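Going in written order, the chains are labelled A, B, C, D and E, and every chain counts its residues from 1.
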């Protein structure tokens, strides 16, 4: 019976790993942005799990609110970065007709 | 599991479990349809019909467990919205599939 | 008067800073500023000469960082170099004003020219190794734009070679200074530095780095390549900088290192004096030999400078009192004589369009004043009495005997012969051969006056050598008071 | 407990599919599913506010953004089979290394440490009951202010990518919804309900789960629906009213912050009037967030080629 | 600013003013330049007041919203932070002045004219925040804002090249942010706080702290374009318009490096084993050599200056083995620490001057290929002289600030026996002479007859002013050094 916080924490770490693998290996830029968002959700999952672990031990009502607030901020910042990245990808594709960075083209 | 069946609560729980079980069956049917049917139109057909019905039973099953009327209303609202959304989505996807098929034939 | 050293620096810096921003057409203001600065500096130096002779010493400390400060200190040795650079800067400014009439980019030239002199003054007055290094590198930076002033291919290549030699030398010097100071603490030229914290091999390595760093500017043999190439610069630049400022800065640096950083007895103990003397001697002979092969006047004079500067290094390396006096006094004599030759070369180039030796045929009678000065300078270089060159060579010979190195006499004899070999044919061409066609007019007083003055100075400092206030007097005063204590 | 294991298993499976799947479109679909599953995980971790945010922004808006990008990208640089991946081995090693390190660190965490107690202690003076909103808008209000500026900066960045002669045109691509069609009908039915839910979310944020960001996202979704249904054309980039709406949130927040100087320090909200101040900030923030998010998803003005 | 309590007012103004300015610029599309000018003056005054307060009263701390850490966020202004704020203010003032001419919005609102001003002010606010904030997550948001602003500025030109460069910059920067965020999350999970001072008390060499420190260092190294991760910097900084590349090269990498500096000297001083610190400095040394080598091979002026940034940033990492770790404060630590601060300040001023000068050359000749710059020394003497002075500062030759930095760090290297770092400095200086000589020689070559749009002297004075400041930093280096010592973590013995 491993406690849920640890389970979600490790899942978060695994999701970060998967996302990083995708981010570093994929060539299609849009998929790299997607992998970036996957890594982000993995990080926040770990953060939430840590927060939940802290709260359960202290017996307070809900999970630790500070990580929750930071995660919401993090999600919005990740969205802003994604939106700019997507805008750049489209502009780059329009200018060069390519979906990948020049050095990745083989 | 057994001792939950005695008395009025038992009856309610049994009804809930029966209804949610039925809902689940419809969901499985819908997914089966998605996998087995040949073209996209019949798949759409299977999905929207079976899943919505399944959701209805699920909502009904949960309504029995609700503490106060507010929750029942919310469940009904959720089911209604899901119905509308599924219907419109199916319609749009169908039109897109038609346009795609027409374009491919040209 | 602690602010005096800064005042002297200002006399060069302020006009330079203002000149940069003057438009090309503002001739009057520019010339006035530079001449004013030069005369003010000469006046200050003369006033200090009197004070220092009476035993006073001026010192200013500019804090750079906790434990790191610029120390400007005027002692007798500093004054020797100061006097030389101040006087010659004034004369060269007059010369340059006449030389540049009608040419472009004068504001830029005089700006960097002032910066160079300020750097030279700073080198002369620096009291610690770091202050010396700061001004030493500033000199390199301020000289480059002057070398590439004409912006043509030749001067750009000369500039590249100059930087290519000077910057690595600066790096070597910095490494030496920091290596030394990390062991022995900040090095001031006044109190002795305790180098015992360093192993002997480290001390020798540091001395070698110092010689390499300073040797480039002092044009010691393997590192002298840039000097002849720098002749592509305009005449005033090669006259003041390459005869006086840059080259002497290197020699002056070696003097400071040998006497004030290491001290005479440590140099003897480490046994590095002899190799330095040998290097200097090789440079003397090699410079003269190369001078023989040159067909261009300025190139020949450049190689002559390479060999002459090594007289100073030789004198210092021999460590004996007479030798050091000879070396120090040659600092003045070579400066004055060589600048005369460069001024004349400049006039020949400007007025008669003569760059190569063949062009000198029969110019004597038709450009009498210039040729007379040229001849005086040449004789001074050879070292015939009563010219100043003779005095230095005598003392150097004496010094060689004193410190038990008779072979020095041989070197002096051979180099004098070689000097004669590459100067006398010029004089013969000037006076004995029939004149070529064109009749050049040399009557531009702006060019002639400074040349005559420097030629006279070269003659006078030889004739009145015995007097107290002559360069020889000042040099022997320095040696008695500072170095034989 | 069993539900957690299944949920984690599904999250991992979907994440793997999103990252290593074949087509871009398939990856985006799996990403949206991943977002929904993660928001369920947040419910299990007792973080309702985050679940709302993840569902609305993580799965919702990011999904729409990526989907519209996939559509446009196919037209711009479509076709051509090519290798999916490059330098697979180093990427794999790096990812495995980081994952291993993270797990090692997570297992090595000493006794659980959190600020739950401090927040609970300071809550009465924060002016709102919901601890998350208290942290977001009072204790760490500075982060939230910066975050709204980040959104604005991203939008200005996206707008700066417009072609020079398209400047001043309407934001996003011209939409082609069939007039009188199903989407338009949907576009008329849903917005009133959407507005109500959005405003409710913002208002409820003070006491229960909800808040400016979640409410703002719902309102942004409504705005997007209206634009897609062709009922309300996207605003012009140069419209002054639009720009004021964009700037309202951060400006009000900054104004309140500077006003705080009068009470002794930047962003200081005196406890007795903290609630009204926070609500005004939240209202302005919601407006700005809704407009900014909608425009971010619509993207740069492209009057030329339609969707 | 509202006087209120003087303590927080000036400090907050350095961040709040640029934010307010960017919001105003978003609304007033056409008057971005005027707004930016006002903000530049305001922030300059605020930094001056702050400097006076810090010089008088020592380190200044502000708890935002009145909530002390660990609950709230703290901003702190010590000598180092205010010095970097000053650098930012000076460089920004010059950049705004030059950009006003380049992005003039007289003929109606243009895309670049509209976009440039809010982005540059947002970038400035984020930069000032990285120097002041004491909270790791707040620093994450500031880094993110800095990166978005910077990427958007690189792409503002709109051509294909800069777009690809902006995308590559975005990919690297996102990677860096993720790693940094991972580190911050782990630190919060382990210690329940994100404040640097509280972390200093609670950090101990346990697995979470070590992994977190490693991840944060890797993330920030990517953002500071340290050697193996530098590929994005040159095309991005060369592709951006000149005023933008001046800000990007002179200030942005210093923001992320500043956080690394705070981490290793204040949050976890004795967590790093010597080999880690030597690795960082080793990569720095490699950056110096590699960056300079590539700079030697470039044909375009802006690429040379951009690769020079990669090289010069390498110097900054030499501080870790010389002054970091090793618990007990050694006498030479103060000199290495101050030397590196000077290197950052002098490089900031000199690099900004160089890019602004390059911008003027492009304005005059239309492109920045080296052969096109021939003979500009005669037609644009002030800009060329500014470029030359900046080159002197980058070479580390006296009397520039670069020399004081090189002297201080070399003395520390020799005193601590790690002579190899002194070698890196010397070789780096010579290589810098190599790659900076080529543009200088081209500028001084004889004029090739080409179309030349005259550049007003008012604009030429900007690079000269900045380069003069870089030189002035060396001449009057005593006052800044004593100022930098305020609030230095382990105030090492005064020895040099």
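Keep in mind that, in the parts below, contacts are C-beta pairs under 8 Å (C-beta built on N, C-alpha and C of every residue); 3 or more make two chains touch, one makes a residue touch a chain.
Bear in mind the structure is a predicted one, so any value in this text is a computation, not a measurement.
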Kindly list the shared contact partners of subunit A and subunit D, in label order.
E
Any chain touching subunit B and subunit C at once appears in the list none
Treating subunit E as absent and keeping all other coordinates fixed, how do the remaining chains group by touch?
A, B, D | C
Averaging the CA atoms per chain, pick out the one whose centre lands closest to the mean of every protein CA shown.
E
If you tally contacting C-beta pairs, which comes out ahead, A-E or D-E? Let me know.
D-E
Can you name the chain that lies farthest from subunit B, using the mean of each chain's Cα atoms as its centre?
C
Hey, which chain ends up farthest from subunit A, C-alpha centres compared?
C
Express in whole angstrom the distance between the two chain centres, defined as the mean CA positions of subunit A and subunit C.
69
Using Cα averages as centroids, what's the distance between subunit A and subunit E in whole Å?
28
Whole-Å separation of chain centres (CA-atom averages), subunit C against subunit E:
43
Express in whole angstrom the distance between the two chain centres, defined as the mean CA positions of subunit C and subunit D.
73
Each of the following residues of subunit C touches two or more other chains, namely none
Contacts with 2+ other chains: residues of subunit A:
16, 20, 23-24, 46, 50, 53-54, 66-67, 70, 73, 77, 80-81, 84, 88-89, 91
So which stretches of subunit E touch two or more other chains?
71, 137, 141, 144, 148, 151-152, 155, 158, 182, 189, 192
Pull out all the chain pairs that touch, please.
A-D, A-E, B-D, C-E, D-E
Subunit D to subunit E touching residues, read off their complex:
98, 101-102, 104-110, 113-115, 118-119, 122, 138-143, 145-147, 149-150, 152-154, 156-157, 159-164, 167-168, 238, 240, 243-244, 246-247, 250-251, 254, 257-258, 260-262, 264-269
Going by the contact rule set out above, which residues of subunit D touch subunit B in the complex?
178, 182-183, 185-186, 189-190, 193
State the interface residues of subunit C toward subunit E in the complex, per the touch definition above.
20, 63-68, 104-105, 108, 130, 133-135, 137-138, 140-141, 145, 148, 151-152, 156, 159-160, 163, 167-168, 170-171, 174-175, 178-179, 181-182, 186
Complex contacts: residues of subunit A adjacent to subunit E
16, 20, 23-24, 29, 32, 36, 39-40, 43, 46-47, 50, 53-54, 66-67, 70, 73-74, 77, 80-81, 84-85, 88-89, 91-92, 95-96, 101-103
Contacts from subunit E onto subunit A in the complex sit at residues 71, 137, 140-141, 144, 147-148, 151-152, 155, 158-160, 163-164, 166-168, 170-171, 174-175, 177-178, 181-182, 185, 188-189, 192, 231
